[in-house]
């Protein structure tokens, strides 16, 4: 990937502002408490939270990249996969087997979605496909709960959530967040390797650029769709496990999709690295804003701030930080 | 054979440019109006008027607003809930600060204020397009809801941040808000406004501004080259769309529920309205109404269906199944006709015109 | 476009039209209809399910054991709101005319639905009972003749929490200079206690810091870094909801804030909220307006009459001690006691909402009556009047031990004098805006 | 061919150079257009013909050089300005508004002439309605002229290619332009359709006195219709002059016969 020069400028400016604004706020206002260790605690906490958002955003990117579908159902897939996993586990399956069965379920789901939804709607406008994924969302939400019930379920990975102190005790970092970020990182690297070095991965990349070209690689488009939806299902499962062990497996898991959307636009709908960088910027940005700006205007700004931040990036890069440039011609 | 335009000739452009150039369509429309204004209020139960027709009408108005922006001008928006909230809170501030204002004035002013807010949040649309714009409009959605929640001024410093509509009359003793307003009164009031604004919208989309919107939607570069200015055209779409959404929000708060908290207009509302126009048909006035009917009525039908068949199913199972069936029906209709119920209606009419011949 | 498409459309339309036509269902004329708005689905279902089970179990107990109330069988119908206001309103409108006399009272179990029904219940003359939620100022029965808020309000809850903290610290005098943080769901519900807490802060000299959490509250890292690493308050209060509660407790653990100094309101004290938080929740405290556990006579009867015969609503009798379940019991108890009083007055037949409102205006659930029911110690006695739609408004403090709640305080009575003045002032403002004339009370 | 005297210079293109990044698309191009003439730009694919039109109507901004239109010299302008100055155009790849009918497409061509404000249009009564009908009359004249009465109310997305080209011409004509830029109006047409289109171009020029700048591949058509021809090749200007003169120019012949550069 070639990084354009303005992306680097925007990146540097962002880093600068992320440090400068909290610092300045701390100097100017009595209500803002600014100290470097505390700043780093917030920034690191934000970055780690951002990785968790990336995890969800990644699923969106995979599907959008390969099929141009804005998959609203990604949140529902996170919930569904986590519910299935925990449900199977509660039925008495050992965890490893439950994971395998859930993976098979997600593969079947991908096949069904391709057959029932995508194939009849091939070549329709984007917004129609978007609406179709909303239909899938409703269906999955209902189906998952019919199968496994609406009660909250526990998914314990055994990662401690007590405070951990680093850098000579100066900075607090949550161990759970560290582990989660690590797992997300492994997932991203393996996806990148998958795209780079496997035949299917290369075909998927080709499909993103040109559907005709993909056909010439020798893989039918419908298989490619099944594969990306299945891969997105795996990503959803990982996200579901991580978020589920954090919040308990319950309906609210589906709502994390809303936290992934600003990540998506900031990074660009079509870029895997964009989802990661976007997650980091959004995560750190919203936490820093909540801590160092929000007290001035009443607090609780995290949600809209993430969107506003993404919007600000779009003004400079209408296609997102790493999105494909939109070229207009007549 | 009855539905036929043969034999009807237009003697002037004026006739040819009427909203419904075919005579049978005009009859149908008059009949529909008669049913809406006369038959329904006299036979429908309170439940039907207050719980089904009223939300249907108000959400149809919001859908109409969004359809102008998304269906006609091609600007995908997920800020509808925020704009509805703006209308509701503006109406509340106006009604409590100037109690002598007539409710129509309050509602129109609330719409205008919302239009102003819409213009503000429409500015990014000059650079940002498609799904990027949709997600960017979520910024306005979250920001507006946060703002109404956060600043006590908007709610006259009520401890909970809930606004409550004062009782107001349309004329004389004819209450349309507050506990003394009958469902019939509320229904007729909302219906009148909705019909009026539907007419206005129809006029706009068949006039120059409507053509400019569609031109921008279909090919913005070509539109600009033939002299359509992007900024005013897009902002007009945002303004008019938010105007309607604002009015819908004010009606929702004042006429439908009476009291609302900002969360009544959260992001789910925005999605709900977007579903309406996609299911109903993008770029169609009729579509806004059909979509609203689909999204409002279907869940209610699904919830009640087991009772009708005498089945005693626990409510949670009903709810889950309702979700599944609702999702499946969305998919079904999209696959049957991706361009929405309005197109389905149109195709039915075309068939009817030729019936009984296949061509 | 094939003809099949048209056919399917027509069939779909026919089905829709057909199912609309027969929307009315027949009901037995001699049984008392009870409509129950519950949420067994949606994002808040984990807290809604036990409540619905408790409510249903109590009604069913009366039917199974006593054949209803005063010989009038109870006919319970649930309607699932999924905690969604639109659906809630639809449920209310659908159920309100059911049965011989309509819905005798509505318990919407959601702040949003409560607000949406405020005008409607006045027009329909159906009492709106909001136990521990809704509008606190509805305690003023002169302005809210159809709204009842027993057994407690958020404002009272805020006062009780401060009262408890003062006791822990050794008296109100020790509060001076203390730092208390409020973490709240940024909505109508979460904002309710702020005015009360601010008034108390001014009065007792502690510093109140407010931390709104945007809905739904999946992410609170920034909030908790501020609380745990910067402000380091002496106590944290929480007005949380749904998934926000577990997240807050986990984040509190992550920044090392002692859970013993972390007190939630009753809606932040469901068993379902503690379970996902796991070990992090041990030591966390919560206010409750009812007792905890299933060690009461009423539970034993429910087990005997329902669960042993396979007629229980919850998964098993083991689930009947959850706080939310007991809250459901309590709501059912308040409603059925009002029904009983109304029937005593108007005759042993189904009663109307207006008659139940009459009964609620003079509702008296005494200690003796609670003993008869087998709920002494579980619930606080309730005495309502035309003016007072709240009662004593007391609550207890409980602590989570990792498996269940332990009661750690007696009933704490809020400062009724101060609160009453606040209720009346707020209600008066509402009356002014809505043009309501206060009704005369005896 | 028709012998006629040409009017004054209305448009002068002077030393225009245009690049995208490292790619030079136009290199020092200069020519003029006189009132009432049919001026053609020809050249092989990739010669920069469409880019030249895009420069003239302000869609591309050249790095060097100026455009003088009716005495007014400009370097850059907003895209919609060209239409206001009376420059209309058609596109190589049809740029119609696909979701709208033929009638509405052509009506959009008159957008600059409609004066009613939004409120009047919303009420659609009195002035606004009168105006709408007036413009409809004008548009009907164009529809008659282009012989597309039968497809008046058909959404243009459903029309065959040749018809779409005609509708696009109609939309440009609706603006009553002083200068009409036609970008390959006959591409992909059969002989019969080409004849129709040629007739329309000549009629427009004759009847309305519209100055026309034409890009076309069909040499026969170009030589028959044009008053003067500019030849471009790889962004360079090879020749400029009347058809006969251009036809015999050695550089042009080489370019078209593909002599290696």
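As written, the chain order gives the labels A, B, C and D, with residue 1 at the start of each chain.
FYI, contacts are C-beta pairs under 8 Å (C-beta built on N, C-alpha and C of every residue); 3 or more make two chains touch, one makes a residue touch a chain.
Please read all numbers here as calculations on a predicted model, not as lab measurements.
For subunit D, the chain whose average C-alpha position is most distant is C. Central chain by Cα centroid: B, whose mean Cα position is closest to the mean of all protein Cα atoms. We define each chain's centre as the mean of its Cα atoms; on that basis subunit A and subunit D are separated by 48 Å. Between the Cα centres of subunit C and subunit D there is a gap of 72 Å.
Put simply, the C-alpha centre of subunit A and that of subunit C have 36 angstrom between them. Subunit B and subunit D have Cα centroids lying 41 Å from one another. Residue positions of subunit B touching 2 or more other chains, listed in rising order: 142, 146, 149-150, 221-222, 225, 316, 319-320, 323.
Residue positions of subunit D touching 2 or more other chains, listed in rising order: 59, 91, 95.
Looking at subunit A, residues 145, 150, 298, 300-301, 303, 330 sit in touch with two or more other chains.
Residues of subunit B touching subunit C in their complex: 46-47, 50-52, 55, 96, 142, 146, 149-150, 156, 158-162, 164-167, 178-181, 257-264, 266, 297, 299-301, 303-305, 307-308, 314-316, 318-320, 323, 336-337, 344, 347-348, 351. Subunit B meets subunit A in the complex at residues 76, 124, 127-132, 135-136, 138-139, 142-143, 146, 149-151, 221-222, 225, 267, 271, 275, 278-279, 282, 316-317, 319-331, 334-335, 338-339. Considering their complex, residues 33, 38, 41-42, 45-46, 49, 145, 150-152, 154, 156, 161-163, 172, 174, 176-177, 243, 246-248, 250-252, 254-256, 259, 286-288, 290-291, 294, 298-303 of subunit A touch subunit C. Within the complex formed with subunit B, the subunit C residues making contact are 1, 5-6, 8-9, 16, 19-20, 22-23, 25, 38, 40-42, 45, 49, 78-80, 82, 85-87, 89-90, 93-94, 96-97, 111-112, 115-116, 118-120, 122-123, 135-137, 186-189, 191-192, 194-195, 212, 214-215, 426, 429-430, 433-435. Against subunit B, in their complex, subunit A makes its touches with residues 70, 116-117, 120-121, 124-128, 130-132, 134-143, 145-146, 150, 258, 261-262, 264-265, 269, 297-298, 300-301, 303-304, 307-308, 310-311, 314-315, 318-320, 326, 328-330.
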